[in-house]
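Next up: the structures, one after another.
There are two complexes below, and they share chain A, which is joined by chain B in the first and by chain C in the second.
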Partner chain A sequence: MSNINGKVYAMNAITPMKPWKTWVLRLIFFVLGHVKSLQQDLINLSFIEFARWVVVPRAGFPQFGNGQEPEKLTYDYLLFFSNFNGTWNQYIDAFSAVLSKGLNLIWQWSEKFPGSVPVTLFKEYIGRVQFDTDYYFTAYPHATANDLKAAHAVQASYDDLRSRVNSLSDAEFADAYMSFVLQVQPNLGETGEAPVVF
Partner chain B sequence: MPNNSGKVYGLTILSPILNDDEASPSHDLQIRSYLAGLSTGRESPFAQAPGTHLARLVVMDDVIFVGAPAVEEHLNSKYLIFESNCDPGPDGTIDSYLQGLAEYAGAHLDAIWSHCVGYPGASDRAAFVRYMKACQLETTFFFAAVNDKSVPETLRALQTQKAVADFVETHQGMQPGQLRAEFLQLVATLDAAPMPAVASATVSREMKIGGRNE
Partner chain C sequence: MSKLNETDIQGFVLRGYNLPYGRYILLRFENPDRARALVSKLLPIITTGQRWDNGKPQSTVNIGFTHRGLAALALPDATLLSFPVEFQQGMKKRADILGDTGLNAPARWDDVWHGNDVHAWLGINGLTATALDDCCSQLRSLFAETRGAVELAAQDAVSNMVDGQQTGKEHFGYTDGFGNPDYLGIERNSQPGHGKQLPDGSWAPLATGELLLGYADEAGELPAAPIPHILASNGTFMVYRKLHQNLATFRSFLDEQSAVYGGGREKLAAKLIGRWRDGTPLELAPDAPDPSIVKDPQRSTNFTYGADGAGTRCPIGAHMRRAHPRDAFGFNGKLIDRRRITRRGQTYGRFVPEGELASDAEERGVVFMVLNANISRQFEFVQQQWIEYGNDAKQGNDKDPLMGNHGGHGKFVVQGDRSATNPPLVCAHLPSFVELRGGDYFFIPSMTALGMIAMKLVDPR
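Let's look at the complex of A and B:
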């Protein structure tokens, strides 16, 4: 079991849904996917690297025959996978505090979902529907989502200065370099090992 | 398409695990055992093959009963979940990523997926890609914090960030002519630098003791 690799935590959860409700949820996700302003809270939770929801219809589990018994299920299922920085408690607390309306909109269609506030019952529910990761890989174990955004911002500023350096006099370069430093200085944090959490 | 977010692809695969009462240890346990010993560093199959930002493998034993009045039900098979956040091909599809996995990490894939129903092996690339796509589930909603950069672009950016931080720190108050010359040297150094390794090994450190739980 390895839910953690470097600075990233892998969370898996599965919740049952009455089949008719999954169509409501699909519609909500469709709107969420096409109206980017509705994703702002998710973007503001800047410790999430990747997250996804997958609706699995009760007859949608892959079947290959060869002795594999077909599934006979009453419910459709909602799978949730998240890759986030920080601890489980920090993540769930922040989700509950910042995204409560959005989470309720997504999970209220799942059986027995208690709501994302108060957080105690929400954590109990997540704890019940979560299952552990067996293998977890990240290409950047020492970097958080914010580190990645910062690195790309530095790269963009660096590329810009680099493209102009040969056309500038020494004095012009000094001015351009000063502007460059002002641009990149909020994004020069160092990556490294994850802190030990007691 | 919900599987795509910008230039990143959210691949979700569920492969049914062989259910054989005669197998000992059981196939799901053999998968778990193999995964427990599999490197997550530079020797990882996902580091050897190109294009993986983050990926996980999970044995899903069953669906979860959340309590009455919900109906308790169970799966007839266990499933191997492969969740990958990866770079698709130029056409936006997943084929070239899957072919890369088969080419660079076929032995690992065979060791893992040979415990799954219908797995054809990685040596027949076309059959492998067909099988994986037959196991694929459409992602309903996919969020990526950075969705316009590939793995090499991100590795390069992290390298540049560190080099720039060091440069800024050590070149404060320098005369313009020398500063410009040194910056050109930085450009030359970064241009010549090899691509940083994917999933560079975790640096060993001394055990920190004395926390609240001791």
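Let's look at the complex of A and C:
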């Protein structure tokens, strides 16, 4: 049981919200979801593979029957789930440094949220509301999101070159090959072991 | 922010002395009382940050302690346990984190680091070799008189000279010492490219707390520090690493690769670092060195990488672009403002000009010293994530071409264009050009803190 699988870290955080606040957050999510530019900063953090917030309403928890009593919950919950590359500290530092406004907008409705700045209190909070991953499947533990994007770029360029290669004269091939190299040259990093977690 | 209390801060923290001769003495304390007596005697000799109105002094002395050294001085346990963990552990125990494995593993370090005996570091610099020796004899008589410490080793360092003139050149032939951060309150001419970049593109000094304990850092917080706070304030942490340079390997690499590289030998050398060997930044002058830029502080560090995303001027994996990425990761550099380090390096070993025979086996390299308020967030992060790894730069597991611990398996891509003199190049099977020969983490206390240590006045609360 670990939050880490190769180069990827899975973070789960669950925070309680007073039900009336959930409606405010839903409205915010609606706006964020429809204005793509507001998501841009999150998307530009290239070490984040995935990040999502979901409201779990107090009536939304599963009921399995078989005598399981319905729980009486007084709070709704906000689930945050993210997969990222790099260290836990680096991730939260970056969140706090460049996304603090957006994070506050989303998390301030949760109980006892201290704000995403100063970062130490924010880290303490996340540490408290985080729960560990029981099962973690990663298709490419030796690759980061950047590595995968780079591999796709190289593959696409290569496929393109290959599809044309038979119809090219030697001179044309030399030119096409040069174009191929220039296209792939920023994307040639190795994959491999992740640095030791610290 | 008002001026700092310069007389309370060790001089070495506030400025690089740029004195040509250096000696780094490593000490072991035998007995806490006698060690404290030695610290008392050293107090009036330590060089503070006070300005030198009458020119440079003949020599300077500074001091730092390992965690074991502070324990040997019998600081209270509550204080010792309040230091950040990486400092408590020391550099050797952090080897896996730092990538100090294989050729750089502690087992291969100089003998002095094999035990756990290094308690203190004395950094001595001199204007002349004689001034350095005189100062060291004075210190050695204090060791003898107080019987406070045993000298374990002394590492000599000397700036490389060309025609009898001190140069800023390190052994590979690059001019070093352009880029170091500016901090608020430190009286020093601020230079574009030294501090942090603001959204409007201008440069401002970093928060003082990125260098000194007891001041707000870039996150608006006080850096993690030992208790009592007065022991910590105006102090900092130093990373000491003796980095051996394989000069023969480096030169034959340049010979071999430049035979197939259209840009030629000097351009290839420049691509590894991000500056031509005279110091001209590739971002400002990708085709040829320009001495007028090197001489002009308004320009020599005033550049960014944002417009060179493809790396065709300065390769994405070049040393300087990794170690201080400026705006390369977007967000106006906000992701890197808390990963800055202050460098205080000095070369050791004989300088061998190009064209003369050099061997890897000769003692030669850089005594690489880094000052930072938080070793783990600053130095260790840079070393692990940016020197020994490349994901933030989108270079996967590729390491710093020159500083990486390659052991024959390194790779470096020189991004290029269609011109004959700037073609793309992939260098594979890179050897280790630089190897670690030892080092440790040191606490560099303020003058007040040194006095407290000497007088046994450190109370945890």
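Rule of thumb we're sticking to: the second predicted complex is superposed on the first by the 196 of 198 C-alpha atoms of A that agree within 3 Å, B and C clash if a C-alpha of one lies under 4 Å from a C-alpha of the other, contacts with A are read in each partner's own complex, and residues count from 1 in each chain.
By definition in this document, a contact is a pair of C-beta atoms (placed from the backbone, for glycine too) under 8 Å apart; a residue touches a chain by one contact, two chains touch by 3 or more.
In this text the structure is predicted, and so the values were computed from the model without any measurement.
After overlaying the two complexes on the shared chain, residue contacts for A:L182 are found with chain C alone; chain B is out of touch.
By the touch criterion stated above, A:V119 is placed in contact with chain C alone, chain B being left untouched. When both complexes are overlaid on chain A, the residue A:A174 reaches chain B alone and has no touch with chain C.
Shared-chain residue A:N44: touches chain C; no touch with chain B.
In the superposition on chain A, A:A97 contacts chain C only, with no contact to chain B. A count of residues in chain A touched by chain B and by chain C gives the higher number to B. In the overlay built on the shared chain, the residue A:V24 is in contact with neither chain B nor chain C. With both structures placed on the common chain, the touch criterion links A:G86 to chain C but leaves chain B unconnected. Within chain A, the residues touched by chain B in the first complex and by chain C in the second are 46, 147, 150, 181, 185, 187-188, 190-191, 193, 196, 198.
Listing the residues of chain A that touch chain C in their complex gives 7, 41, 44, 46-47, 85-87, 89-90, 93-94, 96-98, 117-120, 144, 146-147, 150, 178, 181-182, 185-193, 195-196, 198.
Interface residues of chain B facing chain A in the complex, by the touch rule stated above, are 2, 8, 10, 12, 14-16, 19, 31-32, 35-36, 38, 40, 44, 46-47, 52-61, 63-64, 66-67, 70-71, 73, 75-77, 79, 81, 83, 85, 117-118, 134-135, 137-146, 149, 151, 153-158, 160-162, 164-165, 168, 176-177, 179-180, 183-184, 187, 198-200, 202-203, 205, 208, 211-213. On the chain C side of its complex with chain A, the touching residues are 94, 96-97, 99, 219-221, 309-311, 316, 329-331, 334-335, 337-338, 376-377, 380-381, 384-385, 388-392, 394-398, 411, 413, 415-418, 424, 426.
Every residue of chain A that touches chain B in the complex is listed here, in rising order: 2, 5-6, 8, 10, 12, 14-16, 25-26, 29, 32-33, 39, 42-43, 46, 48-56, 60-75, 77, 79, 81, 83, 110-112, 125, 128-129, 131-143, 145, 147-152, 154-155, 158, 161-162, 165, 168, 170-171, 173-174, 177, 181, 184-185, 187-188, 190-191, 193, 196, 198.
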